[in-house]
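Same chain, two partners: subunit A is paired with subunit B first, then with subunit C.
Showing the complex of A and B:
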C-alpha cells in the first residue's frame, strides 16, 4: 500500500470538511501538472509540507510507504530525460544552454533507441517530473491520512453516479481482504515448496500461473457471495438516501478560499507570464 | 389463511430442489412450518442440505441461485418465486457463514445503513434503523471502526446488523459460528438469543452441533441427504441421541453420558440435554454412592526424549501497527508428540506456526528456531518443507490443480523428484487417506472433508517429520473432524510429530498428548490435556472452555468425581464405581 491509512487525530486539518481537503488535493494536482520548472514546485512543496506539518503526518512512515513511488518517478523521469536533446522540446530555454550535451549516452542512428544524451534541459525536466510525481503522491498520502476513506468515497459519490462510486468503494474495501486471502494462497503454495524466484521468465510465468488460478477462483467466489449480500440489501433499487451531510463551516470556507486563491494566482502567472514553463 | 401466516411466517410445502448441472436433488419433499418467535436449529452433516434449505427459505433460491425448484415456499405469505430478493429481505434476512462477504462499507455504522439507505427511506428512519441494528448486535461502541479491523465474532455481528436494519421478522443464518473462535461464537449466540427474546425475531440457524442447538433452539430439524428425518422440540429430539449420533451429528457429552447410564439402568427419565441438568441429576444419584473412585495420576509429566525436534528460543513478533503477536516464546517440541495449540483468535498461534514453517523469518539475531536440526533463519523453503509441512485452515484456498492426483503431486514436483517416484508416492498417499476412488475427481467438486484430505495428502507426500495443521476441523462436521484427528493420530503413530491449532476441546482431550495455551503472544499453560483442563480459571482468561464432560466433572468434584475427567468413558466408570463399587 503506497498511501497512508487514516488515523483519527484532533488536528486543524483532520477537523476540516472532506470537501475542503479534496479541494486542496485537487489544487495541488492542478499546480503540479501545470508547472514544468522546479521553482514554483518548490513553493507548492512548501505549502504541502505546511499542511503535512499541521496534520502531524508521520513523515518517516509516509516515506517508508511511498518510497518506491519516489524512486520510480526519479528513475522514470531521468530515463525519459535522456531523449530531451533538441531545442524545440523546451521552447523557453535558450537552445545553446538547454541542449548543451554533458554526456552522450547512445550515438545518433542507434537502432530503436535513437540518440540519447544527458543535457541541462533534460536534467531540469527530469528533476521537475520527479518533483511533480513526488508532490502528488505526498499530497495524496496527507489526504488519506487525514480523511477517512468513506468520506473520500462519499465525495466521489457526489461527482460520480452512485453505482460507479460504489464500484470504486467496493474495490478499495475489498483490496485488503483479497490481498490477505491471496497471501494465504501464496503461503500455502510456499509451504509445498513452490517458489517464484526463477530467473528464467518462462519458468517464472509458469510458477505464477499456479497462484493465479486459485487467486482468481477466490476473487470470483468472494464477489459472488458479496453480490448476493448487496442484492438482498436492495442495492440499485431506488436512489439511496444520503446519510452523510458534508456541510461546510466557516473554517472550511476560509481554507477553500485561501487554497483556491493561491492556486488561481499561480495559474494566472503561468498563463499570462509563462511562470513555471520550460 | 391470514392467521396461518401470522402463526407460521415460513411455510414450505413439498419442496424439492436440484442445483443446475446436478442430477441429485439437494432437498427432497420438504414440508415445514416455522412458528413465529421460535428459534429453530437445522442440524445435519456436511452436504445434508442445510445451506440449501436456508437459501430456499430466504428466497436466495430461486432468485439468486438457479436450479430446479418444486413446491411452494411462502415467507410472510409471499411466494418467494414472485418477489425479488430485496423485498423478501424485508421479511427474512439471510446471513452467510463468511461475514466478510457481507461487509460493503468502511465503517460499521455505514455498513448497517447500506440496506435502508438503498430503500430510499427518509434519513430519520435510516438513522433509527442503524441505531436499532447496532444496539441489538452490541456494536454501538464500535460504530466508527473499520469493519476490516473487527474480530471474527464482531464481523459476524455486523453481518447480522446489516440484515437486521432491513427490519425483517425472521433471520436465517447458515452456520453462523462455524468460522469463529469460542469467544466469537459466544458473542453471536448470545446476540441471537437476545434478538429472539427481546425483539421476538424468529431465528432459523443451521449447525453441525447439537450442543449449540441446545443452548439456543426451541426446535430441531434434522436433515439427512436432503430429507427431513427428525423434527421436534429440542428436548424430544435429544432423547433420540443414538439416532442423531448415527446420522453423524455431534451431541452434547452429557447426553451421551446419560444415555450410557440409562442403558445400564443407572439413569431414569429423560436424557440430560445440558450440563446443569446433568449435574443436578447426577448429584441425586450419587447420594447413594458406596465409595470414592480411585484417582488416576493426573499430573504425570510427559515423557520427554532427549533432544527436541523443534526448538524455539527468544521469539517475538510485532505486526505493523504495534500489535505484539508473539512475546519471547521459548518452546521445545519432541518427536512423536501430538501438540494442540489453543487460545482465542489473535493469541499468536498462527504467527508461531508460520515461524515454525519458515513462512516468517526471525529478524532478531538472538532468536533461534531449529526444526529437526535445520536452522530456519537462513534455510531455503525447499529444505524446510522436507522437515515440516503446514496445512492451512481453509482447504478451498489451497487447491491449485484440477484433479486429486495432480494436487497431491504438487509438492513433490516442486521438489524436482523423478516422475515415477511421484506416481508411486501419490498412489501410496491416496491409499493412506482413502482417496483412491477420487483419483481423477475434480478437486473443487469434493466435499470439504475430502478437500482437506487432499491438501493434507499434498503436504504429507513430501514426507516431513513434523506436520502443522491450522484449525483442520473448521466447517467440518463431527464425523469428518474425528476422522481427520484419527488420521493425524495415525500419522503420529507412524513417527510424525503433529502440531494442531484448534478450538475443538473435545478433540484436544481425545487426541492430544500435550496442550500449549497461548494468550496475547505468550505461552500461559503447557502440559498434558488433563493438567491443562484442570486449570479452568487460567483457561477462562483466554475464553477457552474445557470439554463439557470435564466441566461437569469439575462441578461434581466435591462429590468425589475427579475434576480432571477427560472422557465420557472415564466419567461413566467413576459413576459406576461409586454406585456399584466396581
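Showing the complex of A and C:
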C-alpha cells in the first residue's frame, strides 16, 4: 500500500531515473535486513534522511500516515526481543554481556511462552528491529513520493511478467484511494450526527455498521469500475508498448555508483569487520 | 583463700584473652591460600609457584584460572618464587599469616593495536611477540580480530606478559616490527601494515566519497 502518494515536484530526486531510485530502495532494503545491531542503521538513517531532504518529503505528512507502522515496529521489536536470551542467538557479543539478564519476565518452563527476559542483547536487537522497519517504511514512502506509479510499474514490468507487476501496483495504489473514500463516508456520517464514542463495546461495534457497510460497497464499486476500465483498454491482449524509455543520464549513473558503493562498503564492513553483527 | 581468688581471676582473664586474641585462637596448622595478582589486581593464571624454606623447596604448584594456588600452605615464613613464561615475576620472603596471601607479580598488560593510518583495522594479521632477552616466542596470534564493543572499530589484542623487553612483529601483506620495554601496562600501535581487506575497504570508501561529491556537483549545475 502507498502511504505517501506521488507529487510532481522539481527536486533532484524527482528528476532521477526510476531505475536509480529503485536501486536506492533495493540497497536500503538489503542493508536494513542485514544488521542486528543499531550502529550501522544510524548511518543508513542519515543517508535516507539526506535523500528525503533532497526530495523535499513532507515529514509531518509522512509521520501522520505511517505512525502506526512506527508504533507497530516498536512494540513488535521489543516484544520479540524478550526471547533473545541464549548465547546461540548471538554472533559476536560475548554471552556474559549479551545474555546478562536485566529483568526476568517469565521463568524457565513457563508453558507456551517459555523463558523470557530483558537482556542487553535483547534490547539491542529490539532497537535494531524497530529501526529496520521504520527505515524501510520511510524509504518506501520516499520512493512512492518521488516516483510515479506508472514508472514503478514499467520497472517492475522488466523484472516481473507485465500482468503480475500491474496487479501488484494496482493493489498498492488501491489503499490510499479507498482510504480517501472511507474518510468521505466517515465525514458524511458525522455530518448526520453519527458518533462512535460509546464505552459499551456492543454499542461501539453496532455504531460501526454505519461506516463498514458503505465502505465495503464502495470497495466493490471501485474494483468493478477498475476492471471495466482495464477491459476497455484491452488489458492482457498483448504486452503494452512502453511510453517512456528509461535512459540513464550522468546524474543517474553517479547516484547509482554512490548508492552501490555505499551499500558495498557497509556490507563489506559487516562481512569482514563484523560491523552490525550481534 | 585470697590466693585461690587471685588464681581464679587470672584463669578467667587468660580465658578472656584466649577468646579474643587470634594468636591464641588459631592453631599453628591453619592453612593459608596463595593468590597471585598482577599490577591491576587481576589474577595471574598458569604461573609456577615455588614455596621453600631455608633453601629447600617444600611445594611447587601452578595457579588456577582465579590466580590461586590449588594447595593451601600452613602458616609460617616462606621464600616464594613465581615464574611465568620462563621469567621470574616474583621472588621474596613472605610471612603467611592471613587467610589469603596476595603475591603482587611483575606482570603487565600489553595492548597491540593494528590500524592502517590509525583508521582502518587490519584484521587477520599475524602477531608474534618475542622475548628479546631469551629470543623465545612468548605469544602469537594467527588472526587478529576486532574485539566486541559498541563503538570499537579497531583491530587490537591484549595479553599479559612478565616485565621485560619484547619485540612485536605484525605480519600481513607487509610486516612491521615494534619494540617495547614492559615495565608498566603499555600500548603499542602499528599504522603501516596493510592487508587485502584494508585495500578493498579503502577502494570502496574512495568510490563512495568521489561518487557522492560528483553527484552533488552534477545536481548543483
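Just so it is clear, the second predicted complex is superposed on the first by the 210 of 278 C-alpha atoms of A that agree within 3 Å, B and C clash if a C-alpha of one lies under 4 Å from a C-alpha of the other, contacts with A are read in each partner's own complex, and residues count from 1 in each chain.
Here is the rule we go by: contacts are C-beta pairs under 8 Å (C-beta built on N, C-alpha and C of every residue); 3 or more make two chains touch, one makes a residue touch a chain.
Bear in mind the structure is a predicted one, so any value in this text is a computation, not a measurement.
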Discussion item. Touch test for A:33: subunit B only (first), subunit C only (second), both, or neither?
Written reply: neither
Discussion item. Applying the document's definition of touch, where does A:110 land relative to subunit B and subunit C: first, second, both, or neither?
Written reply: neither
Worksheet item: Touching A:79 in the superposition: subunit B (first), subunit C (second), both, neither?
Response: neither
Discussion item. Once the two complexes are aligned on chain A, which partner has more residues of subunit A within touching range, subunit B or subunit C?
Written reply: B
Worksheet item: So, does A:195 touch the first partner subunit B, the second partner subunit C, both, or neither?
Response: first
Practice prompt. For A:231, select first, second, both or neither according to whether it touches subunit B, subunit C, the two together, or no partner.
Written response: first
Worksheet item: Between subunit B (first) and subunit C (second), which does A:241 come into contact with in this model arrangement: first, second, both, or neither?
Response: first
Item to complete: Over in the complex, which subunit A residues touch subunit C? Could you list them?
Response: 12, 39, 54, 92-94, 97, 250-251, 254-255, 257-258, 261-262, 264-265, 268-269, 272-275
Practice prompt. Using the touch rule from the top, collect the residues of subunit C that touch subunit A in their complex.
Written response: 121, 123, 145-146, 148, 150-151, 153, 197, 200-201, 204-205, 207-208, 211-212, 214-215, 218-219
Worksheet entry | Residue numbers on subunit A that touch subunit B, as the complex places them | 8, 148-150, 153, 169-170, 172-173, 176-177, 181, 184-185, 187-195, 210-211, 213-214, 217-218, 221-222, 225-226, 228-243
Worksheet item: Taking the complex as given, what residues does subunit B use to touch subunit A?
Response: 58, 60, 64, 85-86, 88-89, 93-94, 96, 98, 100-107, 110, 113-123, 126-127, 144, 148, 162-163, 166, 354, 357, 359, 381-382, 385, 389-390, 392, 394, 396-400, 410-411, 414-415, 444, 455, 458-459, 462
